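Quick one: structure below, then a few questions.
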């Protein structure tokens, strides 16, 4: 289960803009790759040093700087080269940031959470993705290490192969494509969780086991986490889509509206899953009640039939000197028949009450 | 139970506007019929090829192109002929789309979910309905196959017979009529579910069986699904009805307001049904508690009366050499009377406590 | 219990504006009475034919046309005479309409639900009330039959007797008075339900019976129904009160604000009753748990005391040849005392645990 | 418990503005006292007749007319003297009014509910307070009788003694002071209820008794009632504080903002108490479950240990002619040891399962 | 557990602006320290008297007056020197104030609640922090005593050491830094509570003890309290950040936006914790039900197997003269085998029902 609050205690008291990495994966160094393209050209430079970045940014075409591994020195150097506000750099390094959009006029800063199942993992991973959109460049910061397949691998391949119109459009379209890729990966995780939910649902209907309780709890937790991650993304894309942000051209708005619709769909599905999970909780509790009620009936029927009979047998086991029935010739079969009759009356009574 | 999230995984990583059909019913080919009418004329051409569509669209009167069966090639061809944006075509093919309205200036795109019980089915079916409104034409895309009676059959008959004023009004009125028909079919499904709910309600009051739990769960699921389908429709019609969309004339607004009222009524009824279902869940749980309490009382009364009596019988069954009572002449009847007295006191106590 | 969704299936597929009555009470004919008044004059014509209405409408003063019994022919004729839009007439006849206000410029259409207990009924009745406000006339449509006392009887008597200032004011004040009368009747029904709720509340506190469950369910249902009926009325009056509607003069706004306050009070009371009802459900469930817990304690105390004693008695009932205790002179009283001691220890233990 | 809906039935059908008192305390006569003051002067006239009021209102300084006891004749006379709209007078007399603010241009009408614990009562009392603010006068109407200490007693003393700046400011400040006094009394009642809640909370944690259920129910009821009374007051003060109302000078707005903050604090505390109460309900239900579970364990342990032992004793109590064990020399001690062993195994099993 | 409503009763009836301290910690005297700085200079004066403050405020640079210990005389003197409205002074002294922002033009008043764990406490402490921002000064009022480490200690050290840019910026930046420090401390408390929640969560999954119930209750209470404290802070910072308040320069807005994001993150985390806590409550209740169901099964299995066997043993313990089976040679082993057979059938039945 992902945690909701990482250790920020180490940062309390420091001035704002202090670049200390807060998060789980501390990278020793950042691995920077630069992709430059327009309709015709495609060049790629790997393992670039942070100091050399501005030299590489071309005037024409789009420059995409992909930074993998959050390292405070590298982030600071990049920040100086592109004149990025220290608060933004701080937000990039604090990976427990709430998804947000900040418009600084010269550049736009988008911070979102990506959920990823691409690495063949049994469960999804979460990382913070920070995007800086300048006039003709996009800088993306990822927590994941260079050797891992990241959420942007598909975009990279599309640019390289020249599929779609990404090569013909500007840096704002690249920003859209990156956000769209993150939102598309939400669907993958949702599907995975949806399958789990259906599996648990089937188990509850067939044979409710106590483990189901724990699984429901974990799934609820996952939904809370996803909602926390996705909800502000919707808000953020909505602000982008309204077209007030810097560097976003009007032709891109239609695509942003599309990804906005997807974000809403993700949120609606999360809400529905939450509804379903609490419904399943109710069903589970009812099943337990039902089974307990069944167990109690069993006990009651057996007890109610045999306790009076055992009493009668006890009576005739008493050692009183003067108990005339004991001497009767047919006392024993008579009493046995009386007991049988009593048992039958009981059974009939339970049938009437629909307990049997 | 309808699923909430279809498999989109195959699409992740593809550029936006890639036309891949996502959904359950993949049609081998699209079956296109064209209806053209004005106050006087009514012509109908069946089995039209996608390439011939623009030739058929007349200047005067309204052209209604009804496409049954979603086939990506056909949709692409139609899109090219009418200059429709690739994102719209993608939305038409992805049948897990959230209902939405997009105004592209030249044309309007409306995507809604229809719920249909018309095919004599025991349960309702859902399909995505996409509508394109141009200057004097409406294109409707349906998932259902040509041989099935679709939700627009009534509209077709009204146009053919010239009933109502549909023949005298423009393409925007046709759009309204198609949306109205979809919303009217919601009422049919709601009625069907309403009857089911009342049936389950009666069962719960009379004799709650464990199966009721499952039925309640399925009905709740249905309500979640309907709410997901209908809620955005309300929003969408509201935007249409405010009169800002292209090609919608003012005389049609009054009708849109009417269908908006119907959509709200559907939503209100869904909410009320949801409220009723959770109320019924409570009633069901209470009934189980009630019955269990009754069972427990039965057990307690029988046990509490007979356990002490059995103990007494046990005492006089002991084999001590020196037990003077055993030798008394009237020991046996005396002890039996004492037991009866004890039982009567117990019964009286239970009566006082209102357990009997 | 009132139903939430009447059978509309018969209407699906018909063009909008088709006048088919949907509802429970189908009237064979409409009974129309016309009241005309100003400060000085009061005339009343009963049993008017729908065709003669326009002749009767006077220039000066206010004309109130009260139509009792919904008959589609009559409604259509009236509609033609006063130039009313077919959609409005359709709404008047469909008595499962959501309360609404439509401003057609020439006239205003108000549709609300009245709840009525006036006919000495044990339970309230609901009917749809449709009001048309023109320049100097009000047409009211009621479902109830002429021989029944309707919700407008008080208004009629006020006009006739000249009490209040209704005779001095215009048709818009009459509209207000009619709406006010409907809202006033909501209070009557609320009071009735409030008394029922208090009765059930008292029963729950004193002695919870299983029937209470059903009564709570019915009351919850009633509240859902009332909320559905009254909520849109608030909205509707609010729009009237903002003074944008046709034919509403400013001097009437102050009265509309008053009835708006009443509508809010009705809604607040409904919400409070709903809160109380779910609180009572909780109390009821807790009482059952409490009583069950009490029953269980009883059983446990009796069993825990007597089961060990019975075991001891059983031991000394064994027929072993060599059981020295059996031969002791004071074996019997000794064992009996030991049993008593054990029972007392048990009782003390239960006292300590506060079970006794 | 206060009731939510008083008997309005007697008013249904009467024209608006009909002055009939609806409420619990019907006063035989109104007791009117007039206080007039400015920075220098303070005069007080007690037992004034309603007809003489206008003569008493001075041009300079502030006149405060305090009417105790709602008597329809007196209210009507005052209304005529100060030209107050009949609807306002009706609202003053109907003491089940929703708190509201009406701006009639010439004067302002504020109706609120006061909650009062000042009369040494064990529980709080509620009364309707109506305030009319004119150019240089305030009329206050109270339900309470002259001999009771009312919520305005503190204000009267402040004016008399000249403490604070009330004597230097206008009638609008007096209105503020009166509202502030009502809101301050809410805190007293809240504190009283808060103490009750904490008492019940302690009881639930220590030893949950069934009576707690009833106390929780009453407290929930109280909270519903307070919310109903206070919620509209917030709204009302907010409207006053926005400075659009007649006769409210700008210098008073800052004080109104202060009382607005207090009203919000009251509402927040009510919501928190409601949250706490439902949390306590859960705790209570869990405690019952817990105790029942404990009771059941007790029963199960005793039964599970002794039922098999009793069976064994029963076996050796059988009277078969040929039971070799019975004749064994050490049969009795052997069987007793076997029983002890079985009991020990059982105890160990329960320890393992952590039931002991 | 912190209380939600402190004793205000002593203040009811006093005129607004009366300076009476309401709160837990009454300070005998206030301890005032003055820090003055700009880019170059840093001077600090400790133990200043309230009367000497204005003399100390410099024209250039920023003056920070930190008042520790709320003493009404000191607060009044400071208020007179800086011309602060009596209502503000009253709010500073009433430490049960709702967090708020008041803009008086000349100065800005911010009142917030700080939550502090810095004093090595096992649990967090709450105090009211009041901030006055003037043209070039900030006055901060703290409830804590001079010897305690307060929430502003970090800011003081940053100014002293000249770290960050606080020395180069104005009084508005100091205000931001102080608010930021308070919000940062919220994270510390949240982390502490988050760890507690996880500990309780683990316990519930492993072995639910009844004490868990109480811990959940206390944590819920804490969350209610934090929400009450933090929610208005969000609102307040939002108003500051919109840039309408006096003395706030535009360059500071970007920092306020940052602290606004933090406040939202705190609130979101609180809401998630609340969600988790009620989820844990459900899990706990289900576990109890589960265990009770297990206990009941145990009892039922043992009883259902042995009660019939005991009955059979009882039958052959009867003393009838004529019981032929008793005389049979192999009667005893036969009956014992029959009993064993019956027990095995029972066990098999329970296995089939999956109770074993």
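Per-chain numbering from 1; labels A, B, C, D and E assigned in written order.
The working rule: a residue touches a chain if its C-beta (ideal position, glycine included) is under 8 Å from a C-beta of that chain, and two chains touch if they have at least 3 such contacts.
Here the structure is a predicted model, which is why all the values come from computation and not from measurement.
A.B. asks: Taking contact as defined at the start, I'd like the list of chains shared as neighbours by subunit A and subunit D.
C.D. replies: Both subunit A and subunit D are touched by E, going by the contact rule given at the top.
A.B. asks: Hopping along touching chains only, can you work out the least number of steps from subunit A to subunit C?
C.D. replies: Tracing touching chains, the least step count from subunit A to subunit C comes to 2.
A.B. asks: For the Cα fit of subunit D against subunit E, please give the angle of the superposing rotation, nearest 5 degrees.
C.D. replies: Rotation angle between the two copies comes out at 70 degrees.
A.B. asks: Would you kindly tell me how far, in whole Å, the mean C-alpha position of subunit E lies from that of subunit C?
C.D. replies: Distance between chain centres, rounded to whole Å: 42 Å.
A.B. asks: Per the centroid of Cα atoms for each chain, what is the distance between subunit B and subunit C, given in Å?
C.D. replies: Using C-alpha averages as centres, the distance is 26 Å.
A.B. asks: Note the residues in subunit B that touch 2 or more other chains, in rising order.
C.D. replies: 285, 289, 292, 296, 299, 303, 307, 310, 314, 317-319, 323
A.B. asks: Between the chains shown, work out who touches whom and classify the graph as line, ring, star, complete or other.
C.D. replies: ring
A.B. asks: If you go round the ring from subunit B to subunit C and onward, which chains do you meet, in order?
C.D. replies: B, C, D, E, A
A.B. asks: Taking the complex as given, what residues does subunit E use to touch subunit D?
C.D. replies: Of all residues in subunit E, those touching subunit D are 3-5, 7-9, 11-18, 85, 87, 91, 97-98, 100, 102, 207, 210, 213-214, 217, 220-221, 224, 228, 281, 284-285, 288-289, 291-292, 295-296, 298-299, 302-303, 306-307, 309-310, 313-314, 316-319, 323, 325-332, 335-336.
A.B. asks: What residues of subunit D sit close enough to touch subunit E in their complex?
C.D. replies: Its residues touching subunit E are 153-154, 157-158, 163-166, 177, 180-181, 184-185, 187-188, 190-191, 194, 205, 254-255, 257-258, 261, 264-265, 268-269, 272-273, 275-276, 279, 282-283, 285-287, 289-290, 292-293, 296-297, 299-300, 303-304, 307-308, 310-311, 314-315, 317-323, 354-355.
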